[in-house]
Structure formats: C-alpha cells, structure tokens
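Labels run A, B, C and D following the written order; every chain starts at residue 1.
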C-alpha cells in the first residue's frame, strides 16, 4: 500500500515524463506533437459530427449502438487528454483557469452529466470551441493576431455597443406594445399578447422577417413600415461603431517605430518621436 | 382653515425638508439615495413585466385581481415620486420640462387615462424609457459620454439621413405603384391595392422580407429582384453616413494641440509635438 | 383674326407679366411665391393620396365620381402650372430639359395617356418626385448641399458599384443554376425552373428571404447556407465602398482655405498652400 | 499522307495567319476585333438565355428541337474559338492556365460531359463568367482597375474574414444545438434534428429569415431574439473590416511623395509640398 502510494508520488513528480508528454500534447513543432494535434482535430470534428448525426430521426436503429460506442471512445480520449494536460502542465492551476482549459473541461463534462439528465448530452457541442486550436496547430499565428485585432476592436467598441443595445431593448419593448395596441383586438390577429409582439418587433427590426407574425390592418402595416425603416437606419449604428474603431486600430498598427526609443505608434507624417523627441527616419515610399 | 393653509404654506417652503428629499430622490451618492434608486429601478422593471404579463391570454383568472392591486401600488408610488420630485426640485418648472420630467409624468398618466379609455393602459409601457436612469444610478458616466458620442454622430448625420429618407419614401411609393401595375390584375395576386404594394416595397427594400406578399408572375419577380438589389445597395448609404461621421468624431476627440506651434493631430499618448519637438501638456485621464 | 393673333403675340412677349408670374411660381421669397409653393406641395400630396386611395377595392362606389372630379381638377392645375412655367421662364428650353421640367411634364402626361390606355393612369405616381421641391420651398439649402454630398459620393463610387453589380449578377445566375441542379428533380420542390432559382438566389443573397421558395433537401440547405454567408459578407462591399468615399469627401470638405489664393482643400496639418506655396495660418483649435 | 502532315505542320507554324487571327480574337482595337468581340458577347448572353429558357416547364415541345440545334451551334462556335485561341496565342500554355483560358474551356466542356451525364448540361452556366470580358471589349480599363481595388481590399481583408467565418461557424453550430435542446421535444416543432437547427441558425443569423422553420415556444422565441440581435451586431464586423481596408487603400492610392523632403500625404491636386514648400511632380492623369 505504502509502496503503491510512493509509486503514485513518483509518477506525480516525474519531471522527465512530464516534459515528454508536454512536448507531445502542448507543442506542435515536433513531429509527434504535430501528429497528436492533427489527430485531436479529427477527433473533435468527428465527435461533433457524431452529436449532429445522432439527432436525426432518419438514422437506422441498427447503427445507434456503434455510434454510442464511438461516443464512449471519444469522451474517454478527451478525458484522458484533459487529465494528461493537467498532469504535465508546469502550472496546472493556470491551465485549468485558462480559456482552453475551461473549454477542454466543458468538452468532457456533458457526457457524464447526461448519465443523470438525458438531453444534457447535446451540450457536448461545446467541443466546437476546441476548433479554435486549429490556428495554433497550423501555425496560423498571423491569423490569431488578426483575430486579436477583431477582438480588440469589439472590446473598444463594447461601451458604445452596450448603450446601443439598451436603446434597442427600450425600442423593441415600446414598439411591440404599440403594435399590440394597434392590432391585438383584431379578429384573427397574430399579435395575441405583448411578449409575442415584442418577439415580432425584434424579428422586424433586425430585418430577419420570418413572416410567422404579420400585421393585417392598414394601421398595423403603417407602424410596421416605420419599424422597418427605423431598423434599417439603426443597423447603421453598430456598423458605424465597429468601422470607426477598425479604421483607428488599423491606423495605429501601421505606424512607425522610433530609432531611439523603439516605441511605435507614430503617424505617417510625424517628424519627431512623440515619446523621446528624437528625430524619426523619413519613411521610404512603399 | 387659515391654520391649515398656513401649515400647507410652511410645508411648501420648508427648505430643509426639500433638501433631505432631494438628497434621497435626485442624488445617488448617499446610501439612502442609492437604495432609493435601486428600488426605483426594480419597481420600473416589475411594472413593465406586469403590463407584459397581463396581456397574455394564458393567465389564470384568479391571479388577475392581485396583478391589479400591484398595478395600483406601482402607479401610486410613481405618482408620489413625481410629486415629490416637483416639490423638492430647486427649479420645478425646469424639471417638469426636462426629458426625464416628461418621461416621469408619462409613466403615470396612462393609468389615469385608462379609467376613461380602456386600451390606453398599455401606454404605461412608456415606463421603459425611465430605464435610461440606470446609467446614472450605477455611475456609468463613461457610458453616458459614449451615448453622447452616438447621439452627436446621429445628430450631425441627421440632415443627410433626412434627405436619404425623403429619397426612400419617393422610391417606395413609385416602386410600389409600379409593382401594382405589373401584378395587380393577375388572378390570385397579393398586390390588391397600392397601399398594400407600398407596404410590400418597404418590406422588400429594407430586406425584412416577411413573405406575406410575394410576386407570382415572371415580370413581378424581375421587378422584385431589381427592388432588392436597390435596397441592398442603398442600405450602404445610411451606414456610410454614420460611419463617416463616427470616424470624424473619433478623430476630433483624440486630437491635441501643441502649445508651441499650435498644430493638432497628436495621438492620445504623445509626449512631444511631432512637428516642432516641444513638450506637450499631459492630458488628464478622463 | 389678325387682331387676335396680335393679342397673342403681345401676351407672349409681355415681359412685366412674365416677371410677375415668375415671382409667384419660381421664387419662394415673396409671400405670394411662398403661398403658391405651399399650395403646390399640398396639391401634390393630395393628388398622390388620390391615386393611392382610388386603387383600394373597399372604396364605396358612390365616392368614386367625386374622386374623379378631383383628379380632373388637379391635373388641370398641374397642366396650367406647367404651361405657365414654360411661358414665364427666361429660358423655356432649358427649363423643359431640366430635371424638374421633365418631372413636371411627366406629372401631367399619364392622365392624358390614360384616355387611351387604362392602367397608365397609375403612372401619375411620378408626381411623387415633385416632392423634392420641398427643400427649395422651406429654404433647406443646407439639405440640398447634403443631398449633393450624398449624390457625389454615389457618383464617385459608381464605377466600383457597377463592377460589384456585374459580379453579383454572375454569382446569382451561377448559384441559381447550381441550386436548380441540386433540388430541381426533387418531388414537391419549389425550384421548378432556372429563372425561379435565380429569383431565389437574389432573394437569399440580399438577405430579404421571403420564404416562398425554400430548399427541402439536405444538400439544398447546405448550398443555401453557403449562399447566405456569401451574401452576408458581400453586403459589406457596397457599404465599404460608400463609407470609404464618404470619409474621403468629408475630409476634403472640412479642409482649410489659403489666405493668398483662397483655394480650399488643405489638410489639417498642412503648413504651406499646396497651390501657390504661401504659408497657411495656423488653425485655431475649435 | 506525308504531304498532309506537312500541310498540318505548315499550318501550325504559319505565323502571319496566327497574327491575323490573334488580331481578330484577342485584340479589340481593330474593327474586325471589335466586331468579333461584340458577336462573342451576344453569343454568350444568348447561350446563357438558352440554358435558362430550356429549364422552364412551360416551353412548348415543338420549340425544343430548335433550341437543341442552337445549343449545338453555340457550343461548336465556342469550341472552335477556344481552339483558335490556343492556336494563335504566342504562349498557348500560359493562356490555357490563365483565368480566362480556364473559363473558356469550362464554357465548352459541360456540353460534351452531358453526353455521358444528363444534368451536367446546366454546368454550361459557367459561361456567365465569360461576361467579365465585357470590360475589355468596351475599353472599360478604369473599371478593371476599380475591380482591382475591390479585389485587393477583399484579399487584404481575407485573413480577418477567415477568422470571422470560423467564429460564425462555431456560433451557428452551438446556437443551432442550443435551439434543438430548447424546442426539439415540443410537439409540432420545426426543429426536427440538429442539422435542421443549424440551417435555421444560419438563416436567422444572416437576417435572411425564410420563416420555414420558426420557434413556437416562449423559450425558443427568446433564444431566437438573442440570436437575431447577435447576428445584427456581428453583421457589423465584416462591413467594418472591408470599410477599414478600403479607407486605407483609398488613402494609399491618393498619396504622393515630395521629391525634396520625401514626405507623403499630399492630396491629388497639390502643386507644392505642404511641409517644405518644394514643387511636387505633376501627377499624370490616369
């Protein structure tokens, strides 16, 4: 018993083994690491397809057990992978709290939860998020930095977007209720209550327009036309916000570096470094 | 009688009482003021939910009286609040004419009007606009300034947007009539008259596309395709307007002037003027 | 007879009468001119409403004759107005060929044509375009210049927009045919022939989405999803074109004037006039 | 036999004949070349119309043989043209691998393939792409350079767009599955399986909104509203990407460098450098 515990302790602190596993699982430069990453990608895609296929009613009953087994296999594989990542990571806590750590955990959990609650199994679809790794695997670092710029633009725009959304929520509630007042008493109306009318207002204002709920009276159609033109205009607002932020971010990125202090962010036409006052090089025409 | 009138006069000019109430109702820095504001927010949200829920036909009849009582309570609370605001405001007239003053009044009026006209009760939904206070309550001044930028961009763009809308109205009337001429005589057509056709033109041009009115002839579909491509392109115009205004506003905001040569165009974090090398004033963090 | 001819000649060259009529019809500064313009606007709006109302099938038969009379009156008024404009204009030919001259003529013609061909009467809707005068009437010159900026932006973007549209036409034909190949043989399909499929491709790509023609097979839905995502992305192209043009136009407009040669168009940071080389004034911070 | 081979050899190396044919087929400056190009354009448009018309079920059976003959004629013409182009091109290999070479080949192939597989005939629609030649025929070189700017903007934006699309794919799979979990068990639901739900998510998020699949429960409608607002916002992202790229490309195009101080940023019409006052080179009108 004592010996077994020792062996366990030894395993937990076997740094060379950890190193080897780390190279395979976390790195993608070595052949083994690359192979592992590609297998992982395939496993993720297949396990997503599995969840999707399983839901179709046309599936012949005879295939179901095989799919079940495959699901067990994939989940076992992902669980082992998660445990190994925890084991070989130099800082397991940090990994567990990182974005990928949480996604990796969420990718295995739904299966175990589904033993208790049936439909939870579909939550396995969270595995999709693991596909973001594809950028790391194929060394698409440039793409990641582009994604970063996108994300940064969205974050910088977020305050404006939140104000915009509060405004949209107020509009949608008011216009939905207005429409209920205009059409709600009509026989054969689709606007049976205010929640339905608010749902209609969202569908219309975002220009989705299912057509499952449509006005039938002249008054209702007139209000609808106003709502549509309103939605048509305010669709310009988030676009304007994001465009303006991207134009700014782009400008900031393309700027020059100071030969003295090395800091970037100088506009095309600057003559002196704005941080240390040193003269900047004349930009050669590109 | 005289005494009672005096007491009333006294109450109306009791400055210390006014001050105390003002601190609770208008300020949100003191604990009492903050508590009041949060209660107010909750009351607003609940009274909106009340209006929404009341409209659903699935509501069991036994609950209705309770909801009725709640509505009385909320309206009484909002009415009292409005009167107190008028009472303790240093300049009641100015408050009554301000945006929030009007919204506060409108939030209580529909209830009283509904004693005369039934459906007016749903106008209580105007209470939604009181939610804009949320920014003040949670000290989201930054957000307000963002909202300000949004609003300013829209105001600066408004002339262009109005011209654009007159153009859209002319297009919609013309294209709707054109479509009526093309499809109106067809048996089984959806384009029964010109107002309906104009409504269709709005639905199509804004890319909402309910599908309750659709062309069935080849000619009609051809015109529709033109209308759609037109709508698809002119959706670019308001977006372009707002984007261009936002890019300009953003630039204007981020610019500083050099104390030596007076030239502007320095980025937010610049320390030295990029034209003459003079030191710039440190921009206070906003 | 000779005398009558002379009177006619006299009338045609009565410059002081022409001047008076010109002041009323073309100018909008004098009280008479303003009154005339406002009456004209009202007449235009009412005659449009007339056309719209006449088309509705719910109209009681007893009212129809009255509407008919009104239509005669309006058309007589517009015809007289057009002839007077031709008469009093200092350069009748130029007026007749101007945008407003053509619209004014088109506003009266359909009525006379409809004596020959029935449905042509609805072409009277072209009167809508006369509403553009509203800017002149209410002295909204600023708005006209804004409209000018809008128009200029569209004209400058037009080459790019034409290239874009040829691309869209090619896409729509190709994708429509592809869809016909994928779904056309299916029993109960909506894709009965290639023109219908092309119409569907336009409806889908512009994100209108009526839903009158929808895919039912897995393959068809997959292609649809691709078409939608494509449409979703290329909607960005015209918006980008117009936005970029507007940003540039805006910049060009807001630039400075040279104290020497008076020409504008200098960027904010310019030191010397780019036309005559004179030193520019330092722009005061606004 | 030998003689015939010689004649063939002679034909293959007859440079003056090649030159003549080249002038007609490839050039569009000579009258013959222009005529040929216009005939070609007409043939392309007519052959596309042919494919489109042939698919309609309303076509009387008596016309079909004539259309068949026309199709043979056009395909023979295009095949001959392709062979002649190969023959007279100074560098046949380069032509065969160029964009137009491949399109020209693809324009003839489907006909021959359709002798083996029926529906492949519709692939002839690829002829649409030959219409791009229209720019060359009508000397719209300016338009081509505009198209180039468009293409370049898209290429420069492509990395960001790819990252954006991976994000959209992940969102669509996740939200589709979420919706299946919310509505899939409901009786009479449209969300019969996960692929259908993912298709719905694409339809909704791109704001197409057919309405063939719509939520019926309150929960489902709430999730839908979230998906719509999400789609409404992220529609801003590709637009922002393309707008920002176009603003930058536009700026880059309009800039010139000073021959004295080397600084860029001079507007198109500038005569003197705005920094050192030196004369700028006159930009040749393009």
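Note that contacts are C-beta pairs under 8 Å (C-beta built on N, C-alpha and C of every residue); 3 or more make two chains touch, one makes a residue touch a chain.
A quick note: this is a predicted structure, and the numbers were derived from the prediction, not measured.
S.K.: Return the chains common to the contact lists of chain B and chain D.
M.R.: A, C
S.K.: Indicate whether more than half of the residue numbers at the chain C-chain D interface occur in both copies; give same if so and different if not.
M.R.: Because under half of the interface numbers appear in both copies, chain D and chain C meet with different residues.
S.K.: Averaging over Cα atoms per chain, report the distance between chain A and chain C in Å.
M.R.: The answer is 43 Å.
S.K.: Taking each chain's centre as its mean C-alpha position, how far apart are chain C and chain D in Å?
M.R.: The separation of the two C-alpha centroids amounts to 30 Å.
S.K.: Could you state the distance in Å from the CA-based centre of chain A to that of chain D?
M.R.: 30
S.K.: Which chain C residues sit where two or more other chains touch them?
M.R.: Residues 195, 198, 207-211, 235, 239, 241, 243, 245, 247, 269 of chain C each touch two or more of the other chains.
S.K.: Could you tell me which shape the graph of touching chains takes: line, ring, star, complete or other?
M.R.: Basically all the chains touch each other, so complete.
S.K.: Show which residues of chain B lie in contact with chain D when the two form their complex.
M.R.: Residues 207-211, 239, 243, 247.
S.K.: Which residues of chain C touch chain B in the complex?
M.R.: 48, 51-52, 55-57, 119, 122-123, 125-126, 128-129, 131-132, 134-135, 142-143, 146-147, 149-150, 153-154, 161, 165, 168, 195-196, 198-199, 202-203, 206-212, 235, 238-239, 241-243, 245-247, 249-251, 254, 268-269, 282-285
S.K.: Using the touch definition from the top, list the residues of chain C that touch chain D in their complex.
M.R.: 159-160, 162-164, 166-167, 169-170, 173-174, 177-178, 180-181, 184-185, 192-195, 198, 204, 207-211, 214, 218, 221, 224-225, 228-229, 231-233, 235-237, 239-241, 243-245, 247-248, 252, 265-267, 269-277
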